[in-house]
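Across the two complexes that follow, chain A remains constant while its partner is chain B and subsequently chain C.
Entry: the complex of A and B
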């Protein structure tokens, strides 16, 4: 109870508190305590979020080796755009994203719709689907790397070998490397989407299905005309988030191939990493980061604009 | 796999069994209770259910089972016949060897330290910040919350390099956090997502509760300690799970900030030692890294799935 008396009171909006605001009344009114509560947030965000974002803008116009820092204008951007690897990285990342959408978007949705129809085993199914998500990505990638071994000892080559196919080069083949990484990445992350869709499916009002049924709609039409429209909002957001996420893919190609073979799995983030932490060219790396962020921003805005009619119901 | 419609085999607790069937009947999805009475629908649903479960077992649990098998077999066995089940018995020595020869214990300890610190600072920032934004609401709260929210929409990639340069030379303090755990703990604490989760949760509590406490003479600290914290237990669980899992999984940031092998967590150490380690021992190391999160997940399934679901709800 002693602590209670020494504490400043929370703001009480009565006539007496309307007096002129001085630092003393501010402290008495609990202003200092409030500020102390904000301190962890303000400190951590200023140092590790707001300041680095602001600094990126400055850094992209500079060249630094920690001793001398000079302004170079747009030179960093010019050097990024002049790099022949930029086209490769953008192309690879786009292909990666498209394949990831092609597999990673419909599979969790259909799975969630089917799992929602299960009754006793629904819990078991969601636990199984979520299992890969709790495995640390690095471990999952390293495990799949052994599955993709190009010799006969690889799991996929063993299985396919039994039906007379292969052996395939998988991660060593320029044409197969991106699809192979996409399959691993989808395996590692589809559980989250399944759980989110399942939660959304459970909130669909049963009356909608009942009235569709009375109108004579079969199972497929109920899915098409009730389930899908009801999930519209979450589907649109998940698609956008997946788009933004896969554009920033790093861990999988970094560990599986390091960008190879012959840069066929080099992604934009891998290129940023190389600029900054292999060549120590921080200005150029920041310039590319900004360009990627700008592209993502434009993409998101265009996406939201294009789908604005669907999302507002 | 029992079909719907037959009463559950709860002969000993008939009342609970009946209540459960009734609850299942009122709840419906695309298929109605009546559809499920039709024999061929019932058969189709059962077959589809079995196939889905089998598929999930093979694709999701299968790789983990194979990892267990490879971790307890010799390297030559795994290489000559990847699907052979322990031709020369179970080799537990891989696990002990992983512990001793590749210093797996050190990496695991580092991972746990990183998780604990990230959890502490993450919860500290999210709870105090969420409380300030949702309940204390000073004049500047709106600006702060807008500035926090804005970082959610800025892709993380934008500040990666600048964050690295900030951490190796902190402004004002001029401290280098490279090769310290602070360098991992503190940046992770600035999570807009966690602050948003907590402040949204606190906003859903009736404000009259806090007004009553204020009238009874409770100050901001006391309201936080004896009202907000106990009330926030569900969201605290979600935030804790999300930060700890995030810290356990993180790769790129600790890779940059902790170049010293003695400080690296398993996620950074494993790819580094991959090529120089015997396959069986390496698989054993992967297995130990997987066991902790998987066991935690199986023990706290509900909390994990709810955390994943609430993460989805906020994206909406």
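Entry: the complex of A and C
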């Protein structure tokens, strides 16, 4: 998939003719060893990524029960686009992604800046921030499902009840279900972002802060004029990764709500899952997978194009 | 420019790789026709699923003993046993990868879809080669028979949907556990009493993963209507009986507040809540004794099961159970051998006292329930004889299921919707969720929408 648009350049030789590359020179040059080391990677990618992708492409044009297979052209795509649930799923997923960006993007950054300021307890703080990531996702989601219990006995309702709020319906409420899932998902994943930002923060030269301080910049202006511009490369790529990641949210709604109530937390991936494993309709499932991949690809390309000025520093 | 191009390609590659999570690798070889004549003496090898795991050593040993006995009786048939069990998530992959065992056990709820997708073998022409069919109960056989009288599997265990109730909660609420509710008004009154007199909620119904629609369908039968025409061509979701069921839910939920507070319940949530005494009544498979008592630790004396109450127009109840199906790629010889095995392993206990007693002893030694309520898959006479043989091994309080056991054959068994049952259940899940989570839910509107959604699904073919 990764393509370079330049030919491999031969070393520039003066005085002698360019020597032709033959299999013999390739082997002598260590080509065989390179290939040997490359092979496991190549094989595992082919077997577990590229082959399934190719198969999906084929399956999306077929109707199959895995015994008899029939080519149906674009019918699967038509059936996906005609499904009234598709609109619901796309809307829910978009709302999820936007709220996840709103909460999930600034929180780890601010936390990383805060942790970076700590001296003695920085290690401890990073460990604490990263801890939720270590908990297996299914366990974490099930744990939060009980936290969100809608009666008085739920953890959140108990705590909020102490200050006279609630009880809230959380996952049982069509309006609260997506924000509630976003909070859980953010909690579960922000540790990784904190660690990455922290690493990036460590590479910012301290002289920049010193000279800003001499120029009279306060904490906020130093963050705005030094930290953010220095992190922009990593911020841009993290934003893109988060966009792609959150658009494919599955585990949380699958375990917490099954898409309910009334499909208010049905996401695109959950719909794909239902096509494949509830209806046994792999043609439709792969067609929607391809449409999702295409949409994310276009979105990513547009994003990279729109931010090309900022990213090429 | 190059760098951006590389980055873009990488991104696209990542996107493609992650987004295409649902794929499968397949072997698209043509199926063999299941209908041809089989040579009864040709050497043949079949594989069978559901071998007891090492967690149940006595049963496993009994299974292996039966394997040896089968081998001695059928010299030309080699049986390879596997521990594989049915899972909706893995079945298609097994089929695609060619690793589906020759004989596989699947739940009643799946058979309709498997038949319509052509993912099980037609066993009709081979049934005559064993005695199995003659002994099977016709009600149960309907589940595996299509409109053209072709048979697609052999039911090996069955149950009817009933009303599960917690006997201890009944007592605490001042109700008589030996006189379970027999009308839906009784159910509502009992739910109110349990809610008022105990810490538990009176009634619960599942709402997720198609179970909400499954139970709504069952309840609709009890209130007087199916949800599809008999041929499956027309959706009849919008009918007065289903509306009454939803109204019944609405009263229990919003007028009586007797259904607790969590309305996103899947199967495990609901049975765990029932087994742990948090729920007074639940519409579920009447075969749940083992699941509740043996698997989930409910006190045996608390488990009660009553027949599903029938409204005046009630037409019956839904059935459930396990069906032995045959791999659609099996050759005629393999199908014949598969049926020999099914007959030998699952039905000999009804005709051979030694086998019946040995099986029951092994199960009892592993701590499993013997004599729990079920719907006989063989005729009443054979079943009574079987119960007589294993009487000494019965380890469940059958007197607590008196009403269910004495009427199990009287409540008509209504099959699942013929076309796209799982899709229908998924559509109905949201209807049930709406009624339970929104006080202002418009039942007529919800049913109207579900009707058009399901009709569209049927028409889409």
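One rule holds in what follows: the second predicted complex is superposed on the first by the 270 of 313 C-alpha atoms of A that agree within 3 Å, B and C clash if a C-alpha of one lies under 4 Å from a C-alpha of the other, contacts with A are read in each partner's own complex, and residues count from 1 in each chain.
Quick note on the criterion: a contact is a pair of C-beta atoms (placed from the backbone, for glycine too) under 8 Å apart; a residue touches a chain by one contact, two chains touch by 3 or more.
As the structure is a prediction and not an experimental result, all values here were calculated from the model.
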Q) Looking at the overlay, what does A:285 touch: chain B (first), chain C (second), both, or neither? A) both
**Q.** Touched partner set for A:168, first chain B, second chain C, both or neither
**A.** neither
(Q) Is A:56 touching anything from chain B or chain C once the two structures are fitted on A? First, second, both or neither. (A) both
Q: Using the touch definition from the top, say if A:114 reaches chain B (first), chain C (second), both or neither.
A: first
(Q) Under the stated touch criterion, which partner chain does A:244 make contact with: chain B (first), chain C (second), both, or neither? (A) both
Q: Kindly classify A:301 by the partners it touches after superposition: chain B alone (first), chain C alone (second), both, or neither?
A: second
Q. Per the overlay, which chain contacts more chain A residues, chain B or chain C?
A. B
Q: Look at A:277 in the shared chain and tell me whether it touches chain B only, chain C only, both, or neither; answer first, second, both or neither.
A: both
Q. If you lay the two complexes on top of each other, which residues of chain A touch chain B in one and chain C in the other?
A. 3-4, 49, 51-53, 55-56, 59, 244, 248, 250, 269, 272-273, 276-277, 282, 285-286, 289-290, 292-293, 296-297
Q.
Residue numbers of chain C touching chain A in their complex, please.
A. 1-26, 28, 30-31, 88-89, 92, 95-96, 113, 117-119, 207-210, 260-264, 266, 328-329, 422-423, 426, 429-430, 433-434, 437-438, 453, 460
Q. For chain A, which residues are in contact with chain C within the complex?
A. 1-6, 49, 51-53, 55-56, 59, 64-69, 79, 84, 149-151, 167, 169, 171-174, 240, 244, 248, 250, 256-258, 260-263, 269, 272-280, 282, 285-286, 289-290, 292-293, 296-297, 300-301, 304, 308, 311-312
Q.
For the complex, give me every residue of chain A touching chain B.
A. 3-4, 7-10, 12, 30-31, 33-35, 37-42, 44-45, 47-53, 55-56, 59, 111, 113-121, 123-139, 142-147, 153-155, 158, 187, 191-192, 195-196, 198-201, 204, 206, 209-210, 213, 219, 222-223, 226-227, 233-234, 237-238, 241, 244, 248, 250-251, 254-255, 269, 272-273, 276-277, 282, 285-286, 289-290, 292-293, 296-297
Q. Within the complex, which stretch of chain B touches chain A?
A. 1-2, 4, 24, 26-32, 35, 45, 48-49, 52-53, 56-57, 59-61, 63-64, 66-67, 70, 78-80, 82-83, 121, 124-125, 128-129, 131-132, 136, 138, 140, 144, 147-148, 151, 154-167, 170-171, 186-187, 189-190, 192, 195, 214, 217-224, 245, 248-249, 251-252, 256, 266-268, 270-271, 274, 279, 282-283, 286, 289-290, 293-294, 296-298, 301, 304-305, 308-309, 311-313, 315-316
